[in-house]
Structure formats: structure tokens, C-alpha cells
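Before anything else, here's the structure in question.
Chain lettering (A, B, C and D) follows the sequence in which the chains are written, and residue indices restart at 1 in each chain.
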Amino acid sequence: MANAMSDQADKELISRGLKRCSTPRFVLWMLPWVALLIFGLYAAGLCLVKGLNQTNMDNRFAFGLWIFLDLTVIALGAGAFFTGFLVYILKLRELRAVINSAVVIGLVCYSGAVAVLMVDVGQPLRAWFTFWYPNVHSMLTEVTFCITCYLTVLAIEYLPIVLKNRKLREVPAFLVFEFQLHKLTYVLAGVGTFLSFFHQGSLGGLYGVLRGRPFAFREGFFVWPSIFFLFIISAAAVGPSFILLTTCLVQKISRKRLVRVEVLRLLGRISGLMLAVYVLAKTVDTLIWINRTSPERGFPASQYYSWNPFGTWILFAEIVLFGLVPALVLLTPRLRARTGWLVAAAAMACGGVALNRFVMTVQTLALPTLSFDRFLSYAPSWQETGTFLAVVAYGVLVYSFSFRYFRLFPDERELQAAVPPTDTREADPILAGRY
Amino acid sequence: MRIPGYIPFAVGALTALAAGWAAFPHAIYQSRRQPVDFSHKVHTTTAGQKCDDCHAFRADGTFAGIPTLDKCAGCHAAPMGTTAAEKNFIDQYVTPNREPQWLAYARQPENVYFSHITHVKLGGMKCETCHGSEGDTDSLRPYQQDRISGYSRDIWGRPAAHSAFRTEGGMKMDDCVDCHRSHGLTHSCLDCHK
Amino acid sequence: MTTTRRNLFKLTGGAAVGAMLTPAPWRLITDSALWSENWPGIPRPRRGEVTFQFGNCSLCPAGCAVRARCVANQPVSLAGVAAHPLSHGALCAFGIAGHHLPYHPGRLKSGPAAEANQAVRAALGQLRGAERCAVLDLRPGRTASWTYRRAMAAIRNGVYLAPAAPIAINLAAAKTVFSLGAPLFDGWGTPGNVIAARDHFRLIQAEPVESRTAIMADLWLPIRPGSEEALALGIANLLLKEKKIAGLPAGFADRLREFPPTMAAMHSGIGEQQIAALARELQDNGPVLVLGENGSPYAAALNLILGAPGRTLVLRREAPVPDDWKKAAPVADLASVPDGSIRVLLIDESATGEALPWSAIQSKLAEKAVVVTFAWSKEGYGRQAAFTLPTAVYPESLDDIPPAVDSPAAAFRLSAAWVAPPDGVVNPADFVAGLAGLAAKDALQERAAAIRKSGRGSLFVPSSATSTPARDVKPDDFWKMLQAGATWIDDLDANAPAPKLDVPALPAGTASSAFPLVVVVTEPDTPALVSPLLSKVYQESNLRLAPESVALHPSDARACGLETGSRARLETDCGSVAVNVTVDSDVPPGVVQVAGGPGIRKICGASSRARVVRS
Amino acid sequence: MTNPNKPVKAARYGMAIDIDRCTGCGACMVACAVENNVPPAHAGANDRKGITWIRVYKVDNGGDGDGRRSAFVPVLCQQCGNETPCVHVCPQQAVDVDPATGIVGQMPERCLGCRYCMAACPYHARYFNWWDPAWPAGMEKTFNPDVAPRMRGVVEKCNFCHGRWHAARQQATAEGKPDTEPVAYLPACAEACPTQAISFGDLNDEAGVTAAAARGRDSFRLLEKLDTDPKIHYISKREWVRRIADAPRPGDGKESRRG
């Protein structure tokens, strides 16, 4: 009885005209993620209470899994700012279909990353010192400032999506507020783009400025090393791809058509374009680095790739296999037209950027700098992995919640009538907890 | 009757403001009494002593700070006056030769390096400049300790919001930095941190 | 009025906004950050007056001079005393952290003193026939040692046992030092003295592993494991071609015949020409000093052949003692005591010195024997002894330190006593003296007086870094200065006879297959306990082998099924001890490189062989 | 406190370490830990999680068997003088170079433990407090009051025994010396080295022993091409030893205990 009532209350929250699965099914779907979240929070708690000795990081591997994933996640989250940029600044109206979803993804990625960073530092209680006594020369300061600011922007961008919720609209004040916020959208998009532009770059800068680490060090223009710009382009390239991926995934899991396939293709095309630019820039940069930057600092570039397992293959994989190939696929209309190719290419693009972040963080630290120290290996402890899984779970939860109660895909209603995607493969039963 | 919408909000805001400005500044400190009821005044006037008679420098330039019992016992082996405080002091500490556990108002955090001799001898500063008029107080004020950070109110008196916590002679890093800046003496953190 | 949910929200919202406008939240944020500066568990250093005190380190027989920086009379850091005639300002890693020992968790603080006393007296009361009461003194030559000898002279069937003192070495006189694996630069003699003399001699190190000494040597001969004997005999062969030498032990000539240079070369892996060149150099570039592991007959023989006695090996006079002490028991060797004859055994291991295998001691014990050991750590003979009585540890004890092996003249210096020992510690000398009804409380002062009376030698005063002839120092000042860290050094007597160097009997050269590995010691003999901070060189870096651990070549390790970090037992014919294993390709195959530590030292004698068994 | 009217003569403290004299005894490492209240190793610590402000590495010429030759190299914070890598990366000014001494200082109480500086340091001379510091009961009596113990979760490193520098200056003031002249003092490691392999002094003082040694023909600095201008100079007559200054060569994968 009570169950039915709560069920009823729940239904009232769901936007009109959208079909969503029954409450119990939704709960069933959420439960495993909640469990994962709790486990992850426990792991993170251990690191906070007992200290970072819970991780497998050490004096030589001062950064580990967490920094690598933060960089990756933030790059993937770049879709939020870049789509916003495309929609509101470059007026690509078609992309309105995914903008809300993009915002949620961005919010999830950024807040997750910041949360992990809080665990990663040895004295979280002092984290605010960076704002109070900032060292303006430090890339990390730039990152901290931009990420926090941009996180606020995302929160504000997220707000109208929330306020559009059927129940909340009943409060007149909220309606007014939401309307005001709407006027801000363009400003927010601009600010967001500006901020993201910087911190995506500074994240690359983090390593590019390490004069003591010739593997990562790059000369630059003005105060920014070349990686600064590579990171921006690559983020912009992979952002749309990730939105494309997530959208397809949601379509598959929810077995609904959420956006027109043209939108996905457009995303793919943009992604491919940026990726191509990135691959070109990256190649040029790498050549300069191999032939000038690194040797000048006494490090023949060849030796970086003579420590197993990091052979030259990693360079090839990063630039050609996961860079050039997906770029070409995404730029070829005939291939782009095939959903399979589209998705695969997008996935590869994401993988490529992840690999690049991995190389910049992990390989940089693994390589010896002194002639008498060793090449080092590192494997994350379960506490480290757990903490990251918490972020994944958190992400899924927030997204599922938003998807159920807010309108992430404006076109969904029109597409209701049309036939579901021509994919009849039965998804995994839990995943297929039809919304 | 239906109350206007802003009333609850206002009520909440005002209570919070009152608590934060009036109650909190006192609640954050715990007061502890000094072991001995000591009068600087008597010593500086009647006994005609100067600060550095007791708070002396050692040969290597280090500052002795609060004198140890033997210094006191030097004069107070037997009562010099008639006050109960002195008798008390002699009975409880001098006779059983037990060091009183003084609470140093101005003890800086462990990570601070402060050289008295540099400031007094080279900087030509007066004790009062930082310590206020401790010298002519007739009794020792209670030692106020921040409940969370554990630091004395004298060195950790002023929070981000100044006035609410202003005490005599600031001894916070900001105060040191202000003075050093005004004298063009800021080299690096290492000047004052260890 | 009605409180609706909405009003409640408004109230909270208002409160939140209001709070933001007060100092409270900001103050809480700052305070919590400050709290992280001194949250629980971060100790606060004590403040106080800084003073400098002088003394001598008694952790090993070197007895290096120490300057302690004290805060409120508590030593907080130790350093050597530059310009000191014996230790030349050097202090080893163990000495530098010596002032931590009183706080070592493994340090003994209390023991059954009264019970031990009773048991011993009871046993003494019922000594049967030739049953003996023996004192085993691991660091002979101290004033305490004299007390023991006097006490044993007073007690019926009293015996004073101590390892034989090696002949003094005059490193300064040597022009060439040929070392058969002696750790010259790793805790041998007085480190500072070795370093000071270093520039004046050429060092040839024959050792299978590249030890610290080998690294510092002018010439390192990477000989095959266990081939010291062959190399020495090969050289002896060449040297004895010219001249005949008296005093070589029986069977030496026969053994010599087994090792012509060709054989020596084959065994040691050193080229024949190089051996010849080596022999020539030793012949021409004298005075020569040959160093082997303690009691190595081959080193002794070479010294004899090369005429070291009287030049690099000298006879050292002992520091004077009061005449009425002369009625003392002789110094006896443990081996000289018949088996099963010791009824009461008192072991003084309060001062680290030679470590004898328990098996050797055990065989001498009578049944129902009472064994009391005086120690400041649970290590050592505590496990076997019936009673373990805690002693003061450096820097708590006022004790004298006999001259080190590389000090040609006698010396008298007192160990530092800067920290008050815990109640319940026992002074071994007083305990033993008590048994004999001897008053030995002021033995040190009496000895000092006797030294001063002799008028011999000079007194080095560290505070002023000056040496004054002892006779010019007022008698009572003499004692005061000694307590303040001064060192009395005897004059070298010019007409001292050359010491009589008797070459020990040659061991039967049998490489038993039971113990396939050759033991190579590359770490200094550490005291039973070391400061926890030594973890810097053991655990937080791989600079040294931790005590009670061994290193093996990868191939040997694999053969024993061991890898880095695995636990194992090190077994020799003297017994076995639990060790940690490190795998290191710098260790040659067939060698087990052992670290210091009381356990290992008891079972690893000169050129012993061993096996490592997984446990 | 310095009088602004009198120009302060800036010092540039540095070291000249004679590798040929280093016996690898480890006295410097222990003396350093004693002086700076560095805690003993936690049970779980190893050579990658320990705290050794100065660490003696064992290096070799890569030869095998008889051809193998080794040496010991003490590595501490190189006190980089030029665009000090760690200073520029710290987000909240917890690292800072004192222009008066050239010493690179770490403020543990300002550090939030992000470890960015450790990633930036090519000499691995920075150490993180992975555990809460812990000493055997009573050992805190032996603490050096001139150095503040650190807490878990912050980075620390060699600062040329800055506490001793403070003490030396205070002493000078007490003796009425002018504070415009650099004071002479000795860090714990240099004082402890039994072979006097470590020579410490003001590199600006051209006549000084250290400066002279640093100028010598056989002197070199680690990774000099990185242009970090380290103030630690190494000296060795052996050519192969001087080559350790260069970039690493791919290892031979030996199971070797390096120092």
C-alpha cells in the first residue's frame, strides 16, 4: 500500500510524456551502484584516516592511479564546455539535443575528480591554503582555481535542468529563478569555455613545466609549454566523442531513441576534426621534442623507450593507432554513417587520450632521471582502486537520477513515437533495467 | 494568522549572527589559571627589577624565557613580603623544589623560529612592543587556549575577521610580516620558520 | 502560527546565510588547519640551555672521543672530537646515534638481582672439588676486568676468563698494508686512526667481495672465496726462497709445499705474475703489516716472515694499576678450562667485545651450573643464562675503555655517563666484588690515581683540545678531567722489546660439503642493540646489511629456494641463527655475505663456512 | 633582523663532496636524522617510502666480476639555484629559496602534501611522510629543539641544517658581530663525515676551501645539463665516476642492492 503510494509520488516527479521504468526496477538498478559507492567511500575513508600509506604510491611514484584518472576524467568531461561552446557561441543548434546530458556528464566528471584530489593530498584540511596563499607561478594553482570555478559554473548550469523538474516547477519562486538563469546561459557558456580552456591546458602544463623531468618537459610559447595547447585540443577532440559514447550507451540501456542519429554523426565529425588537428600538432611537438628539447637537456630521447614495457610501441599507439585512425574514420562520411564504426572510432579516440594522459603521468614518473637509480614499477592498492570506483558509482547514480527525473534529451519526446534503434541484442539483464 | 514569508528567514539569520559574533568568540577559548599568583608590578616597582633581570639572555644568545625556580628561589628562599600569594608559592614550589608549570602566553608554535636577541639587540625593540604592558600588571591574567588549534590567544588572537578577537600586541604571523615589511626585512619563510 | 516545512527551510537558509557573515565558520576552517600542525602524536622537543659535554664512546673497543650537544643536560646530538690523538674526530654511524640506546625498546631495565646473588652464593658454598667459579669478560683490560681478577683471586677456585688480547698494531709505521679481508675501513680498530694513517700506507685488499675496504684500497685482489690461505702461502713460498724464518708452526713447511705459486694462482684466481709482483712489493716496500681475520695463522705467518714484529706489531704496556691490585687471578683462555668444570659462570657482556659461540661455553659448564649474565639487551647469552641482570648502557655508565688494537700506547679514558640509568640496573663489577667481599666502588678513581702517580704519559683535554704531560696535572684535577672526557695516553717506550708473535696452529684445511658457502663478513661488529635511526642505512636505504641478515648471489639464492626478504637459518659448525636474506648480484657465487649482530657473530668465526636453509 | 641601510652580503652555501673519500659508512645519514628529528622507519617502510634527507647510493662502473668497481655517492637536496624546479610548482608557497643563503626551504606547516614538488625533483631528494611519525617512548627527550618535528602527509627535505644556521646567526648577534656578513656553520652530515669527504661553505667566498674544491678540474654536478644549477658539487679523480652525472643508460636488470 505504502509502496504503491511512494510509487505514485515517484511517478509525479517524472516529466510529462516521458516513459520511465517502475520505481522498484529503478531501485534495483541503483542498488549495486550504491553498494559500490559505499565500498569506495570506505576505501577513501581509510586513506583519509590512516594516511596515504594505504596507497602504493611512494617517494618516487609521488603520483599514481588517481592523478592519471583525474586527468583522463577531466579530459572526457570536456564535452560539457565544448558542446556549450558549439551551441551557444558557434550556434550549432542541432547540438541542443545533447547539451543537458553534456552538462550532467561534465558535472559528474569534475566533481568526481575534485573529490578524488581531496583524498590524494596528504593534508586535506589545508587544501584551502592554495586560495589563501596562492603561488601564481604554479600550474597546480591555475588548475585548482579554474577547476573549482568551472565546477561552480557547471553547478549553475545544472540548476535550470533540475528546476525544470515537474514537481519543482510548482514553486513559483523557482520558476522565476530558472527563467533568470536562462538569460545567463550564454555568459555561463562563455565563462565555462574560458575557464576550461585554461585548466585543460594547465593540466598538461602540470607536466610540461617539469624541468627536472625531460621526458615530460616541453618548451613553450610565453609561459605555457606546448603540452598546454595539446591538452586543450585533445580534450576538445575527445569531449564530443565521449558524449556520443554515453548517449549511445544510454540509448542501449534504456532501449529508447533519445537523439537523432544525425546529431551523433555531427558530434563524431567535430570530434574527428579536432582529433586530426591534435594528431598533427602532437606529431610536430613530438618531433621537436625528440630532436631538440630532450637532447638539449642531456637526455637522448631513444633511452626513454628502452625501458620495458614502455617501448616505442606506446608512441605509435598513442599517435597513430588511437589518434590518426579514429580521426580518419570519423572524417570519412561513409564510415561515419555506420553506427558501429562511429561508436568504435569514438571509443578509440577516448582510449587514445586516456593513453596519452597515462604516458604523461605514469611513464614520466617511472623513468629514472639519475644514472644510478632504477626504472620503477607501480600497481595501485585496492584502496586506490576503490576510491576511484566510488567516483564511477557516484557518476552513474547522479546520471541515472538526472535521466529519470529531468529532461536530459529535449528531443526524446518527439522520438518516442519512432521505432527504437535497430539493435535487438538483449542487453545484460541488470543493465537492461528498462527505465 | 499567516506570517509573512521573510520572517522565518530573518529569524534564522539574526540568531546565527548573534551566536557567531557574540557567543562564538568566547566559546572557542578555554581559560586556564596560572599556577602562581604572580605580580609583575611588585617586582618592577617595589623590587625595582627590569625585564631582563629575570627574562635574560644566555651566552649563546638564546632567550631564557620564563625564569626557572632557582632564579625565583634566589630571592624567595624565605618570604620577603607578607602576602599569602608569596607564602603559598614558597610552600608549594620553593620548599619542595618543584618547578611551577607556567603557561607561556607568547609561546610561538613549534615551527616558528623567533630570536629575541635579534629583535632586542639589533632591532632595538622594546618588550612592550609585542608583549604589551605585561610588566605593570598586578596579577596574571588567565591563559586562554584555542580549543581546536591549541594555540595561546596572544599569538593566535585574530581570526580572518579582525576586530572581534583583537588582543594586546599581535603575535600572529601577519603581525610579524607587517612589521618586517615596514622595515623592508622580508627575505624568505626560512627567516622565521624552522 | 503554523510551522510549515517551507518555513523550516527558510529558517535554516537564513541561519546559513547569517552564519556566513560571522567569523565562526572561517575561524573553524583556519583552526582545523592549524590543528593539523600539532595533532596528537607529534612530540614536542624540550627547550633549555644548550651545553657541550665531552666523553668517550664505549659501544665498541675503539672508544672514540665524543662531544655531546646537550639541551637541559640531555644529550641531543653527538659528534667526534677533532684533534683527538686517538679518534681524530671520527665517530661511526652507531656512535653518532648512541645517545638513543637508553630509550631502545629492547633495552633491559630490571632483573632478578637478589635471586641471582642468592643462587650464586649458594652455589659457591657448595663448590665440589675442582669445580670453578668463573668470570667471562668479553672486553678485557678494563678496570672492571681487574676487579674481576682480584675477586676471582679472593674466591676459592676462581677463574678469570677472557679472549686473548691481540698484539697492538702501529698503523702509522706501516708503509704497506696487505689485508686478507680485514674490514680496515669498516669498523676495524679506531676508524679515525685508520683514516688519519690512510695517506701514509699503500693498501692491498685481497677479498672475494668488493667490500667498503676493497673500494677504498689502492689495489683490490678479487680472490676466489676462501682462498686467502692459498694466496698467503703462495706469497710465503716466494718470500721464503731467500731467507729462513724461525718460529713458524709445525707443519707449516709441509703446507707450504702444497701451495707453490702456481697452485696459489689456481686457487685464488690471481695471476702467477701478480702474486710474484705482490711478494716483491711486500719485500721491498716495508714496513709491512699483514691483516687477516682474528687469529688467522697465515696473516701471522706472513707478518713473521716480513719482520712486522717490533715495527708494525708492537708490545703495548698496560696502564698502571695500584700495587695492591697485583694479587689478581691470571687471565685464562676459555679453552684452557677443563670441560664440565665451571659451577658458577658470571658473563659480563655489558661492554661489547668478542662473541663466543654458546656451544664453546656450554661444554665447560658443570651440571647444576649457575650462569649469570650481565647485559643491557635481551640479545646475547640472556637466552641460555639462568639469570640476566640489566646493566647501564652507554651513555649511562661510567666505565673505562681499554686501548683499541691499533693503539700502540696504553690509554685510559672513561665512557660518558650523561644520562641517569633506571633504578634496578646492576653494576657487574660491584656484584662480583661483592661476592668476594671486595670494595671496588672507587676502582676507577684508584686506577686513575695510580696512573697519575706513575707520572707517565700525557692527558688530552677535549674542551681545550690540548695535551699536557700527566705529571703536570694536579692529582685531583687529573680525575676530574678524566670524568670530563679527557684521555690519558701512555708514552711509547723506545726500548720496548719486539712482541713475541706465535703463529697459531694451522687448521686442517677441509672444505666440508656440509657447509658449501664461504662466510664473508662485510659489516662492522654492531652492538647488541643499535639506535632505531639506523633504519636509515638498513631499511630506508640499502646502504648496509641489517643486523642478523645475509646476502647471497642470485644463483645460490635460487639453489636454496630463497629470494630477497625471505627468512632463513644460517648454519655453521658453531650453531645456527635466524637471518633475513637479500639477493645481490654483487656477491660472488659460493659466498654468503653476513652482516653484524650478536647472533651471527657468535657462530661466524674466522674463515668459517656455512649453509643457508630456508625456514 | 637586518638593518636595511646596510646591504646584506648574500651567501651561497654549497657543498663539495669528494666521492673518492666516501667509505659509505652512513654516518651522515644517521647524523642527519638525529639533527633534524627525522623519525625511525615505520615497519612498512622501505627504500622508496623512507625518509633520508641525505642518502648514500652505491654506484658502479657497470663492469662484471673483476672489472666491477664501485663507489658511494651521497645525494641530498641539491639546492638548485636556477629556476629551482620544486619552488615553481608548489601551489601554496610552501617551498622557497632564501636569497640571503641560497638555501631551498620547505615549510611543512604550509605544505598540503600534493607531492607535485617530488614529481618535479630530478634528484629524488624530497621525502613524503607516509605515516604518522613515531618514536620509541622516551626518545623524544633526545629531540633537537632547533628543528620542528613534521606531521603525516607533508613533504620534507634537506635544508642544510637550517636550524644550525639560525643558531650560528644568533650566536653572532650575541657576540655583537655585524649581521651583514654570512655566518660560518656546518651541517650535521658534513660534521659527521669521518673522512671529511663533505666540505661545506659559502660558494660566493672565492677564497673558501669549498668554492675552490667546487672549481676544481675533477668536480661535476648531477644532471648539469638540466640547467638547475645545483649547489652540491661532486669530486672524483675516476673518469667513470664523473659519468654518473649524465642521463641514465638502460639498466642491465641485475638483482642488485643499490645503496
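FYI, contacts are C-beta pairs under 8 Å (C-beta built on N, C-alpha and C of every residue); 3 or more make two chains touch, one makes a residue touch a chain.
The structure presented is a predicted model; accordingly, all values stated were derived computationally and were not measured.
Chain centres here are C-alpha means, and the one lying farthest from chain D is A. Centroids of chain B and chain C (each the mean of its C-alpha atoms) stand 52 Å apart. Chain centres here are Cα means. That of chain B falls 37 Å from that of chain D.
Distance between chain A and chain D, defined via averaged C-alpha coordinates, is recorded as 41 Å.
With centres set at the average Cα position, the gap from chain C to chain D is 30 Å. Taken residue by residue, chain B touches two or more other chains at 60, 62, 109-111, whereas all remaining positions touch fewer. Residue numbers of chain A whose C-beta contacts span two or more other chains: 123, 126, 129.
Those residues of chain C in touch with two or more other chains are numbered 32, 35-38, 44-45, 47, 50.
If touching chains are joined by edges, the resulting network of the protein chains shown has some other shape, matching none of path, cycle, star or complete graph. Contact between chains, per the stated criterion, is found for A-C, A-D, B-C, B-D, C-D. Touching chain D in their complex are the following residues of chain A: 51-53, 57-63, 120-124, 126-127, 129-130, 132-135, 137-141, 144, 206, 209-214, 296-300, 303, 306-307, 364-365, 368-376. Interface residues of chain B, counted against chain D in their complex, comprise 57, 59-62, 109-111, 113, 115, 117-119, 121-123, 180, 183-185, 187-191, 193-194.
Here chain C touches chain A in the complex through residues 29, 32-33, 35-36, going by the rule given at the top. The part of chain D that touches chain C in the complex is made up of residues 23-27, 29-35, 37-38, 40-41, 45-47, 49-52, 55-58, 60, 65-66, 68-72, 109, 132-145, 147-151, 167, 188, 191-192, 194-195, 254-259. Chain C makes touch with chain D in their complex at residues 36-39, 41-48, 50, 71, 74-80, 89-93, 96-97, 99-100, 102-105, 185-186, 191-192, 195, 210, 212, 215-216, 222, 531-537, 539-544, 551, 554, 564, 582-586, 588.
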